[in-house]
Amino acid sequence: MLQSDGTPIYLQIAEWIETEILKGNFQADEKVYSQYKLAEMFTINPATAAKGLNVLANENILYTKRGLGKFVTKEAKAIIIHKRKNQKLKGLINEIVMEAKRLHVREEELMVMLKKAMKESGGQSGGSDSL
Amino acid sequence: MSFAELGKAVRKQFFYKFKLFFGLFYSLVITQAIAIVFSFNGTGSISSGQIGQIHFYSADIVLVFTFGWAFISALQLTTKPFRDNEYLFVFNRLSSHLSNLLFLLALSFIGGLSAYLSGYLLKVAVYMFFDFQLIGTNDITSPAVVVAGIITIVLYIWMFASLGYMVGSLVQFQKVFAILIPSIIIGCLILVALSESEAIIRIGKFYFFESSFLLVFIKTTATVCLCFLISAVSTNHLEVRK
Amino acid sequence: MEVIHCENVTKLQGKAKALDQLSFSIKENTITGLIGRNGAGKTTLLKILGGLWRETSGEVKVLSRRPFNSLYVSENSIYIDDAFHFPSHLNLKEILREGERFYPNWNRTLAERLFDYFEFHPKQTHANLSKGKRSTFNMIIGLASRCKVTLYDEPTAGMDRAVRKEMYRVLLKDYLEYPRTIIISSHYLEELEDLLEDVLLLDNGKKVLHLPMDELKEFAVGLTGRSEVLLQWLRGKTILHQQNAGPNELYAVVKKEDISLPEAQRLGMTISPVSSSDVCVYITDRGQGGIDRVFR
């Protein structure tokens, strides 16, 4: 499930939990997997998994109940969507723009391509995750 | 390190060694069988016109062979292939030496007992295979004497084993000993043969012409302890599984 | 709590220094990868920690005791390598039984399940096993002994990839169930890295790096760009590795903390991650250029 594209494992873990939250597999105020459960699932060191959980805790996506584990905050979904729009999507778009420049693709041409891709993936509402 | 810890480790290693070095018992059987065959010639004979010839049969040759076996077996224990097998699980140098000491004692006990019994085996064999009249020498012996005799044999074998162990350990400590010790032994033998060197014969008498059981016990165990002390000191820095 | 502590440890082998003033410490219940090239001192270090060899100078403490000649350390640690000499006349089941007698925390169920899973035959002897099978068996001993300190020296040598993957998973699952301090040396860092919490990188008997695995993964970045621009920009900075990436194009690996990524992007360079095993190779490179120097 994990990729070896150079993205640190703990970030991949964080992203995986985010996606699960977006999919609704972890609801607000529900407990997410412990570092040990995650370690077991992905065959990774539990310290790495803990680091991934802490990233999310720092971003207010998860909160800690002492001795019980990490739980999903009420705002989690909104935060994740906001973050992904601003970081991941922006980053991807930047890359597209860079590549378009290198290939001398004009703005209009790019827009056409984008719209076509949108249509092919089932319109604007297509919320399939990109992980 | 507590004594209980040490004792536990020594006990475990002791039983492990029985499984590990089981082959030594086979070599014991073979050694003593060969010695018995040699003994058929008798250790001496007297000719007399009136009663024909008297052959003396005894288990002395078996004993000498068993001493040699004990010496070589103990020496083997200190060599690398044996040590690599030994230093596998829980050990330190002290526990290893102590368990070897005990293991060699057990080995000597079995060797001594079978050497003693081989005396009877010899008598039976001579009676069966040769047309001789057997004249017993010490048929009526009290159990106490028999036990003391066996213990004495065991102690002597143990002493030879610990000598072998010490020689092996010294060789592990400094390879020079591998040349030095055989030269000394051969040199001594030559000395005895040529000039009947007083000192060496006195050493022999010190150990083997002792009639008091208690003194035999003290002399042999003291020698064993000394040998093990030297072995322990010389190999205390030995690294294993190189 | 520190389980392993080394201070200025030196080990002489003949006149060569197998370990050279090595200092580091390892926390309780962590998995540390011991990385380094052949002859970097990995085996020497592990054998000293396991009490098999003796340090020449410096202080070694395992479970607060000097390992050499310590029964306590011997009972609570195990050193596993592929040259484990088991007695030739004991069969595999008997060896397991001996392990159980010696190690207080031995887990028989685990040993037997793994024994069956990897299709060992009880009556086989160790000497008759293939290299990979032997490594597998030795690793079963290491896992089942459940020693507080477990030292694996190239434990996966000779195993095929499928078995290696399974073994990594077994190692991790058993560690989750029964945490302990594990050091594992391996040439397959990329396969192993997800399991590791920390990495200790040795070169020529010296410590080069000792840091969390995550930090090692982000330790360096690769930059590709026009040679003059790149070299100009990197002047005064340490280039860990460089090679030609086309006419007038250069690929250079630098420490991440030395440069600013947005600036690199602005200068039109392509930024790529550098795998941890590559980082280790570049850092311990014998001078610039590596093997290519031989052909110059």
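The first chain written gets the first letter, and so on, giving A, B and C; residue counts start at 1 in each chain.
Going forward, contacts are C-beta pairs under 8 Å (C-beta built on N, C-alpha and C of every residue); 3 or more make two chains touch, one makes a residue touch a chain.
This structure is a prediction, so every number in the text was calculated from the model and none was measured.
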Most distant chain from chain B by Cα centroid: A
Contact pairs, highest-scoring chain pair: B-C
Between chain A and chain C, centroid-to-centroid distance (C-alpha), Å: 32
Chain centre separation in whole Å, for chain C relative to chain B (CA means): 48
Interchain centroid distance [CA atoms averaged], chain A/chain B, Å: 77
Chain B residues touching chain C - in the complex, by the definition given at the top: 1, 5-6, 9, 12, 15-16, 19-20, 22-23, 81, 84-85, 87-95, 236-237, 239-242
Chain C residues within the chain B interface of the complex: 47, 51-54, 69-72, 74-75, 79, 83-87, 89-90, 94, 98-99, 101-103
Contacting residues of chain C [partner chain A, same complex]: 30-31, 168-169, 172-173, 176, 190, 194-197, 212-214, 217-218, 272-275
Chain C contact footprint on chain A (complex, rising order): 2, 4-10, 36, 39-40, 42-48, 51
